[in-house]
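I have a structure I would like to understand better, so I am pasting it below and will then ask my questions one at a time.
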Amino acid sequence: MKQFRKMTYPYVAWISVMIIVPMILILLYAITTEGNGVVNFNFTIDNFVRFFSDSIFLEVLGRSLRVALITTVLCIVLGYIPAYYIAKCSDGIKMKWVLIITFPTWINMLVRTYAWIGILQNDGIINTILGWVGIGPVDMIYTEFAVILGMVYNFIPFMILQIYTSLSKMDNSLIEAAQDLGANRFQCFWRITFPLSLPGVISGITLVFLPAVSSFCIPKLLGGGQYVLVGNVIESQFLTSGDWNFGSAISLIMAIIIMISMYITKKVDKTEIGERASA
Amino acid sequence: MKGFAKKAAALLLALVMVMGLAACSKESGSTGDGANAGAESSDKKEFDSKTLKIFLPGAYMEDSLVPAFEKEYGVKVIVENFDSNEMMYTKLSAGDSYDVLIPSDYMIERLMKEDALQPIDKSVITNLSNLADQTKNLVYDPDNTYSVPYFWGNVGLVYNKNNVPKEEIEAKGYDILKDTKYKGHIYMYDSERDGFMIAFKQLGYSCNTDNEAEINAAYEWLVELNKTMDPVYVTDEVIDAMANGQKDIAIVYSGDAAYVLSENPNMGYCAPNCGTNKWFDAMVIPKNAENPKLANEFINYMLRNDVCEKNTMEVGYTSANKAVLDKMIAEDGEYADNEAYYPRTYDKDEVFRDNESLRKKLSELWIKVKAAK
Amino acid sequence: MKKEKRVFSSIFMALMVVFLYAPIIYTIIFSFNSSKSLTHFESFSLRWYEKMFNDATMIQAVIYTIVIAILATIISTIVGTITAIGLSKSRKLVRNLVEQVNNLPIMNPEIVTAIGLLMFYSAAHITKGFLTLLLAHIMFCIPYVILSIMPKLRTLDPNLADAAMDLGATPWKALTKVIVPQIMPGIVSGALIAFTMSFDDFVISYFVTGNGVNNISILVYTMSKRINPSINALSTLIIVIITVFLTITNLIPVIAERRMRKKLKKAQKK
C-alpha cells in the first residue's frame, strides 16, 4: 500500500510551516532572555530554573495535572454509558444522538460557563430547589467542585464521540461467539467490547486531558480566581506581565510532561492490543 | 446515513455560498455607501483614505456614535475591541495598524516611551478646551501632546449598606477587607496591579513603589488576606454580582460602581482615606496609523458635548468633558446622587506609572498570593 | 434483567441530556430578560434581540463564524482523512513523528499557539484578516480530525484495500469504496469536533485576525466583559439557526420518502 504513503506529504509540508515554525519561535523565547518584539540570542536556562526552584509553581502544576486527571476519569466513566447506548441504537437514531451530544458545544464556551455561574450561584436554580426541600444553600460556585463540573461539562461530548466511534461498526459476531461459549455479560464487556473500544478511549483521553491541563477560562470563572492552574499562569505571563520568555518556558515544560504521560498511555494501549492479538 | 451525510454536505455548501455572498455584498455595499456619502461632503475635508480603524475596550462606546461619525464625514470606521491593555499592546507590537487607540494611562506612558505614538494635531482638535481641568496635563503626558482623555475614575469599595456600616468602612478603608466579620463575603479584583495597589495604599506606600521591603510587606498583607478571608477573585463579573447583592464588599472601578449603585440602592461606594488609584483612559494615535488626519478629526468629534453626553449616559463611566460632567452631577442630573460617578480630587490618590520590571515582579507575586493556601 | 438495564440507561441518557442542555436553556431564558442582569430574571422583553439586530458587527460576526467554521471543517476533514489514511500505511517512525507534532496544537495552551502564529504571520509580513483566520482554523482543526480517524484505521484490516485492488479496483476506488466507508464514523466525529473547535475558538482567532473580521467568540469575550445580554440573544439566534438547519436536513429524507410512497400508492391504485 505504499502508494497511499504519498498522501501524507502535503500535510507534512503544511505542519512544518504552520505548526513547527511557530513552535520553534516559542522554543526560542523559552531559552532566551527579554525582548518580545525581536528575538535576540542571549541563551539562558533561567526561565526553567525559575519554574522548578519555586514550590508554588510546582504546586500549581501538580494541581493542574490532578484536576485534568479527575476530569478525564469522570469523562470516561460518565461518557462510556452514553457512547455504548448510542452505538447500540439503530442507524437512523445514532446520527440524531450524536448531534444531540455535540450540539451544546456549538454555543460559545464562555456563554455556557456564565450560565453555570448563574445555575450554581448561592441563590441560583439548584440552591432554590434545594431550599424547597429544606436543604440550606450549598456553596457550589467558586469551589473545586465547580471547576471540575465545568471541565467535565465542556469536554465530555468529545469523549462520548470518540468512544462511540470506536464502538460503532464493531463486529457483533465476536460478542455472540463469546456468549455462545458461555461468557456472561460482564465478561463479554470486559474481555471483548472494552478492549476493542480502547483506541477510542485513548483518543478521547487525548482530547480531554491535553486541553484540560492547560485550560484557563473555566478555572478562572468557576473557581473564583484563587483556583490557579498552570493554564492561568501561562496566560498571565503572555497577557498581563508580558513575560513571553517565561510563559514559553512553562508551556514547554508542560508539553514535555504531557508527551511523557501520553507515551505511557500509548504503551498501555499497545500492550492491551498485543494481548488481544496473542489471545 | 450516507445519504444523510451527502445531503447535509450539499446543504452546508449551499449555505456557505449564500452566506459568503451575503458577506461580500454587505462589505462592498457599505463601502459603496461610504463613497457616496463621501462624494456629497467631499468639499469638507480630504483624507488619506476613507477608512478609520479604532481599537478600544469592549462595550466602551455608545452604539450610535460611530455610525453618526461615518455619516457626517462620509467615511467607514472599523471598530475592533480588546479585553485588556496588554492584549492591545501585543497586537500593536505585532505590527497591526490602527488609527485611534483608547488604552489606559500606564499603557500610554509605555507606548510613549517606546516612541509608538504620534503627537495629536491641536489645530484640528479644537474641542480640547472642553476637557475638565482634572483630566488635563496629567503626569504621564504633561501637555496632552499625545493623549486626549476619554473616561476617567478611581478604584474603591462597593459595599452593602445594610450589612456594612458606612462609618466602619470609612474609618478602616481597605483594612475592612481583612475584618473576619466579613469572611467569605468579599470580592477582590483579579489583577496584580489593583490587588497590590490596595495593599500599598493601606500600608501607606506609593502604589508605584519598587522598594523591595515595601513590596514584600504588601505581599504578606495580601497573602494573609487570602488565607483568612476566603475572598473570591473576579474581574467584570463583579458588576452583575454586586448589582444583585451577592456579597457585602467588593473592589470595583468607579465607573462600574456607578452602574451598580444605580441598579441597587442598597449599595454604597467608598474611596478610602488612605488613598487609591486614579485612572484615565485616553485616545491616542499610534505612529503607524494609516489615516492620522481622520484620526484627529475623530478625536475632536469624540470631545463634542453632545457626543460625550450620550457616551457617558450609556457607558456609565465619568466623562472627561467639563460641561457634560457638570450637567451630570447637577441637582437634576443623571448622576446627581451617585457617590461613585464623580471621582474626588485628593492628594493621596495616584496614577499608575509604567514600570516593566515591577509589573513582571508583581504579576508573579500575584499568582503566588492567589495560589497560597 | 434486560428491561431493567434498558430503564437504567434511558434514565442515564435523560440525565445526560439535562446536564448538557441546562446551561443552554438558562441562556435562552435570560436572553428574554428585561434587565441587564445575567443572574436575576426580572420580566420578559425582547430588548436584547432588538439591540442585536441593530448591531451590524454582531450579525456580521455570525456570518463570519459560520462561513469560517464550515470552510475550515470541510477542508480539514478532507485533508485530515487523506493524511490519516496515508499515515496508517506509512513507516512507524514517520507515523509516530507526525502524530506527535499533530498533538502539539491540541496540547499547547491556545495562547501559545496563538502567539506562535501571531509572530509567524508578522515575521512573514502577512496582513491579517479573513484568510489568516481561516488558515489558522484549518491548522488547529486538522489534528482533531486525524485524532478521530486514527483509532478507526487501526482496527481496520490492513489487507482490505489490497484485497480490493487484487480484485481489480483502482487505488482510488479502493480508497473511496472500501476504506472510507469503513472509517466513516471516525470522519463524522472528526468533522463535528473540528466544527466545534472552529466555532468556539477565541484566543487563536483574536490574535490572527484583523481588519475588523470578528467571530462570535471575539465579540463574546470583548463585549460580555461588562454584562451584555445581547450575547445571550446571539446565542439563542445561533441555536435557532442550527436547529432549523438540522431539522431541514433530517426532514428532507422523510419527506422524500413520503412522496415516493404516495407515488407508489397512486401507481398501485391505477
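Brief remarks on what is shown
Each chain carries a letter (A, B and C) given by its place in the written order, and its residues are counted from 1.
We adopt the following convention: a residue touches a chain if its C-beta (ideal position, glycine included) is under 8 Å from a C-beta of that chain, and two chains touch if they have at least 3 such contacts.
Keep in mind it's a predicted model, so treat the numbers as computed, not measured.
Grouping of the remaining chains in the absence of chain B, by touch, is one piece. Among the inter-chain contacts, the highest number of C-beta pairs connects A-C. Put simply, the C-alpha centre of chain A and that of chain C have 17 angstrom between them.
Averaging C-alpha coordinates per chain places the centre of chain A 35 Å away from that of chain B.
Along chain C, residues 38-39, 115, 119, 188, 221, 224, 250 each make contact with two or more other chains.
Touching two or more other chains at once are residues 95, 117, 121, 123, 238-239 of chain A. Contacts with at least two other chains are made by residues 1, 4, 87, 90, 244, 246 of chain B. Every residue of chain C that touches chain B in the complex is listed here, in rising order: 35-40, 51, 54-55, 57, 60, 63-64, 66-67, 70-71, 74, 115, 118-119, 121-122, 125, 128, 181, 184, 188, 206-207, 210-212, 214, 218-219, 221-228, 245, 248-250, 252-253.
Residue ranges on chain A touching chain C, taken from their complex, read 1-12, 14-15, 18-23, 25-26, 78, 81-82, 84-85, 95-96, 98-119, 121, 123-125, 153, 156-158, 161-162, 164-166, 168-169, 196, 199-200, 202-203, 206-207, 210-211, 213-214, 216, 231, 234-235, 238-239, 244, 247-248, 251, 254-255, 258-259, 262.
Of all the residues in chain B, the ones that touch chain A in their complex are 1, 4, 84, 86-87, 89-90, 93, 188, 190-192, 226, 231-234, 237, 244, 246, 356, 359-360, 362-364, 366-368, 370-372. Chain B contributes residues 1-5, 7-9, 11-13, 15-16, 19-20, 22-23, 26, 53, 57-60, 63, 78-83, 87, 90-91, 94-96, 235-236, 239-241, 243-244, 246, 256, 263 to its touches with chain C in the complex.
Interface residues of chain C facing chain A in the complex, by the touch rule stated above, are 9, 12-13, 16-17, 19-24, 26-27, 30, 38-39, 79, 82-83, 85-90, 94, 98, 100-113, 115-117, 119-120, 123, 135, 139, 142, 144, 147-148, 150-152, 154-155, 158, 161-162, 171, 175, 182, 185-186, 188-189, 192-193, 195-196, 199-200, 202, 216-217, 220-221, 224, 231-232, 235, 238-239, 242, 246, 250.
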